[in-house]
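What follows is a single structure, and I will ask about it in a moment.
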Amino acid sequence: MTDRVREILSWYGSDSPGTLTNLARLLRHGRLGGTGRLVILPVDQGFEHGPARSFSGNPAAYDPRYHFRLAIEAGCSAYAAPLGFLEAGAREFAGEIPLILKANNRDSLLEEKDPAQALTGSVEEALRLGCVAIGYTIYPGSSHRLEMYEELRAVAEEAKRAGLVVVVWSYPRGQALSKEGETALDVVAYAAQIAAQLGAHLVKVKLPSAHLEQESAKKAYEAAKVPKDSLADRVRHVVEATFSGRRIVIFSGGAKNADDAVLAEAKAIREGGGFGSIIGRNSFQRPKADAIALLRRIMDVYAA
Amino acid sequence: MTDRVREILSWYGSDSPGTLTNLARLLRHGRLGGTGRLVILPVDQGFEHGPARSFSGNPAAYDPRYHFRLAIEAGCSAYAAPLGFLEAGAREFAGEIPLILKANNRDSLLEEKDPAQALTGSVEEALRLGCVAIGYTIYPGSSHRLEMYEELRAVAEEAKRAGLVVVVWSYPRGQALSKEGETALDVVAYAAQIAAQLGAHLVKVKLPSAHLEQESAKKAYEAAKVPKDSLADRVRHVVEATFSGRRIVIFSGGAKNADDAVLAEAKAIREGGGFGSIIGRNSFQRPKADAIALLRRIMDVYAA
Amino acid sequence: MTDRVREILSWYGSDSPGTLTNLARLLRHGRLGGTGRLVILPVDQGFEHGPARSFSGNPAAYDPRYHFRLAIEAGCSAYAAPLGFLEAGAREFAGEIPLILKANNRDSLLEEKDPAQALTGSVEEALRLGCVAIGYTIYPGSSHRLEMYEELRAVAEEAKRAGLVVVVWSYPRGQALSKEGETALDVVAYAAQIAAQLGAHLVKVKLPSAHLEQESAKKAYEAAKVPKDSLADRVRHVVEATFSGRRIVIFSGGAKNADDAVLAEAKAIREGGGFGSIIGRNSFQRPKADAIALLRRIMDVYAA
Amino acid sequence: MTDRVREILSWYGSDSPGTLTNLARLLRHGRLGGTGRLVILPVDQGFEHGPARSFSGNPAAYDPRYHFRLAIEAGCSAYAAPLGFLEAGAREFAGEIPLILKANNRDSLLEEKDPAQALTGSVEEALRLGCVAIGYTIYPGSSHRLEMYEELRAVAEEAKRAGLVVVVWSYPRGQALSKEGETALDVVAYAAQIAAQLGAHLVKVKLPSAHLEQESAKKAYEAAKVPKDSLADRVRHVVEATFSGRRIVIFSGGAKNADDAVLAEAKAIREGGGFGSIIGRNSFQRPKADAIALLRRIMDVYAA
Amino acid sequence: MTDRVREILSWYGSDSPGTLTNLARLLRHGRLGGTGRLVILPVDQGFEHGPARSFSGNPAAYDPRYHFRLAIEAGCSAYAAPLGFLEAGAREFAGEIPLILKANNRDSLLEEKDPAQALTGSVEEALRLGCVAIGYTIYPGSSHRLEMYEELRAVAEEAKRAGLVVVVWSYPRGQALSKEGETALDVVAYAAQIAAQLGAHLVKVKLPSAHLEQESAKKAYEAAKVPKDSLADRVRHVVEATFSGRRIVIFSGGAKNADDAVLAEAKAIREGGGFGSIIGRNSFQRPKADAIALLRRIMDVYAA
């Protein structure tokens, strides 16, 4: 147990020892164990984008065991996936990597202006599979947001009673937002704040651009001269918006990208005080050896 | 225990000793303890307006501990906030200030003509966090009002069984009302009546203007010659509409304003028989020392 | 215990001794105790019409205790009100007057073509407050009617298990009906039948006009030559439609009216075999002494 | 116990002895007891069509006891009615006639293109009233059909656990069907199949016409040369569609009609292998003596 | 117990011994017992298409016992049907054939652009009837898909707790898809992936065409050069999309077809690594002897 992990645990004074134990498992696992930084492997793209778009470029990844092995071999902090993918490996790899049950999902056969997700997992299932955490996506900006917040409340309350960690993917979307607005600095900071207010232990957002979406927010940013030119500045602002950094906030990369771009993002996250990355398509869509190499370079950035 | 507190408790004859104990805690705490008046610090703006609009002018306020300290140092009667903000300080400040869990919330990334809120907290969470009360917003005038009343019924019934106090934010909004109508005297008085009929122990409304919104109400006001020229007159009418003053009704200020304006409002509330103020943006958006100074001047008005 | 009360109780052969005990309490209380007739004071207008329209003409009525005292002093059979009003007096006046918790309500800040109500009370709350009965409004003719019937079913079933009496306000409204149709003879008789079929012990309807609203009904009325010229005739028809008079059916007056008009209605109700009146605005909107005098004259009509 | 009743019971091999006991009560009661045929008196018209349309032609029928007596004196197999009507006689006539609680209902103050019904009774109420069965209406063809099937599933599952018989009124209606289509042979046969697949013990449909509504079905009927010219042919087809006659299926008559027409229908039902009739308006809208005479003549047809 | 069955069971490491026992029953029953291949008889067409379209060409099939016998005599792996059909034979044929309760259904009296199904069975009913599995249909592509996924989650979770196998019919439909798209290769593979991610033990899809429906998928298929010219290629891709073949996936044929066509499909399924067929209309719409002969020839293909 390092001082940094102890410090982070101290921020969660209202949680049970059970939840702190699982949070410590997350923070102490893998190559970044004890540093207070996290690199998580998430694989919900089979559900979200379809199997061929996700795995046909690297067909080994059709096999659910592939991702357990990738996360374990690369030394990730945790592996997050929907029910089916976890069920297909949880016994074989029991105890080898902290698991996060991604408890709601959507597919892209039908796209709707105001998206929602379906609850596809539960706290009871997470416990059955030996998970340390439950993951839940909200879409601030969608007309379905209020139902999503309510469902998250119920899931999170039950998870905390069961000693699980609550991870919230907060992805602004829907009729209220322009495409550019979905990653605007004000919107991403707001999304992080909402997740934290809803009781998330760990918040996942997208990397913000320098765009400001809402008129009312723009005035505040200008008045306060919030720095936003560099990515590190913007990460710093999002970390501040997440309870002054007293809630763990990590960033997701998005579509497959060149190694250098991914590493540059990790550096900016570290510089801005972010807690780490969640790297999906940039890991499992590469050949395994390449993916492991890249993940380790990312971890080296955070460990530095 | 003062006579005034005993008198106020006597109005709640259908409540359990458990609820009266928590109500007494509210009424006996802070600089106004025992006077029968209340000044409450509410901080749900991070959720409702976003973090930058709420806190970038006073960045210390991004930290959830800031608000606990502000409420404690200023001698407020209570501190009200959503789940996340309370979780982030409830252990550290346990027993130092009565807490109110604001159990429903909405954000402003999407604005709808007929607003609603999401249930983001629960009675069980309020008990876990050591709260004395649960807070709930209703929007009379919105097409979602009936579901909100029903949800409040369930929450309030459970809260009373658990010995908690029920605080209702009654904010008229929605397709039926003009912007001016949201704070019209008839509408605010009606909103206070609805909250009281729904079983609120403590009602929070906005300060009413002299405008009258509904034709049918206008006739009644004119026939009865209800005084409404001064703010104190209007407060008096709202207090009367809240069961002849036998339910605690407090008033919220709204956007950040000059000190004198805020103090003038407090004087009118006191003169009209109101029970106090709930001061959010006019406290935490000022530097802490200024905020404490202003809050104390407001309390001095009520204590006079 | 009078023969008439025994006779009325005999109609409720499927109810428990608990419910019959509470029904007997209603029938044996006040100046009409034992006669089989009822005059009930209902005060839900603060919620339904707003406080100023309801009480500003007689400001003493803002105080919830006022109505308990009015019902007690006038010798009413029972006092019916929403949760908040009952909570504010149930301990002080415990045992002095049978109470009916009006368990659903709506306000008039927003008017919708097809109205509904919100559940604002419960059987458990009615028991907590010492009530003998629970009251519930349905709106036959509204597109929300089916949900209302279903909710009533659940509430009524629970109330009967708890030994409470079920009182149904059956007020036809909504897109299917003309304004005149809401009080048409066929519609009121139908509304009374629906309430009785839903298992109400006591049905409350409006006084019917001679108008016939539905074409299909008109034929039946003409073929059967149902008398409908006098108010007493129409009351008699409604009583017949309420299980041949084997369910208690009472009539509400409506807006404030001259004493003579109110008394004339009571006489017609008695002549037609109705079981009594529910007198709201014609009681609490008068000065208390006048109200008591009028209520007693009404009771004298029924006792005659 | 007759061989025919034993045979019928043998079709229900998945049901508990409790349900078989109640089914045997139905099949062994009244003038047709033991024959395997049924004539049931249903009186939900007060709710469905209104009291005057239902009873003003025979005012004795306003009294709920009238229908118990009619069913008992005529020797019917059972009496089916909504909650209110059953509550008003279940104690007085306890044990004299098998009762069916009609657990969902609708009124006709508002007619909608896609009709639904409200749940107005429950298994627990059916048990309280001593019923042998619970009745439930579905509207195949209505946009609300799926919710109705789901609600029926829940009610039927609970009823079977409680040892009750499940009777399903399967009445096609809604936007998908022409008026003529509601009684088309293909549609009625389909409606009977749906009810049986949903687990009904006893299915009630309308008498089918020779019309075929659905193009896709028409081809099948023509290819298979399904006889449909006579009413008996059509009844035979519906019986076949109800699990080859291994579920009890009975037919309802509809509006009041001349005695000869009613008897001719009964003969066709018997000839086609139907299990009996459910006779509402053609019984209680006649003077009692006439109704009993007609019901007995119908029973004589079935007993022949 | 064969090695192949042991291997298949090994893929389900997160399931209880109870579920594995029932899965083994499925895999060890009938003429294909022990081969790891399955031929299942499903008969929900009476509900889905109506009785005459389903059974009038072979009237013996109106009788629910017919299908039990057909499945038993042909040596099928299991028989799947809605509640009513199973109830009508489960005792008589208890222990003779594994049963799958098809727990949701829809009829075709009303067709909607975005279809849904009604829950018509339950885990408790499946246990009562001695079933080894519960079957559930989802419609990816329909606007109702999210509710269907959520309902499936609840049913599947309960089924697994009860030791049942979960079979998911994954049939893409709805506004988002062209008619051709419903069986497009990308769409069928995606549907199989969704079912597997939702935790299905056994997935049933339609045989895919070479069409590609979604632009975003088309790019991936072209980039990866996924073979799709032969039916076996396409089956192989779907098997891969179903967790690299670590979940059982079977294929349904559809409308009645010539024997050769049906056999050719079976060969392609076997060649592509599929686990078997579900043969409804091509079995029970033939005379029984013909159907048994065809089913045996299909099984011979798989056993080869």
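Per-chain residue numbering starts at 1, and chain names A, B, C, D and E are given in the order in which the chains are listed.
Basically, contacts are C-beta pairs under 8 Å (C-beta built on N, C-alpha and C of every residue); 3 or more make two chains touch, one makes a residue touch a chain.
Not measured: the values here are computed from a predicted model.
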Rotation angle (°) superposing Cα atoms of chain A on chain D, nearest 5: 145
Interface sides of chain D and chain E: same vs different residues, half threshold: different
Whole-Å separation of chain centres (CA-atom averages), chain B against chain D: 57
Chain A-chain E separation of Cα centroids, rounded to whole Å: 35
Touching two or more other chains - residues of chain C: none
Touching residues on chain C, where the partner in the complex is chain D: 11-15, 140-143, 145-147, 149-150, 153, 157, 172, 174-177, 186-187, 189-194, 196-200, 214, 216-217, 220-221, 223-224, 226, 237, 240-241, 243-244, 246-247
Touching residues on chain E, where the partner in the complex is chain D: 46-47, 49-53, 56-57, 59, 62-64, 82-92, 105-112, 116-122, 124-125, 128-129
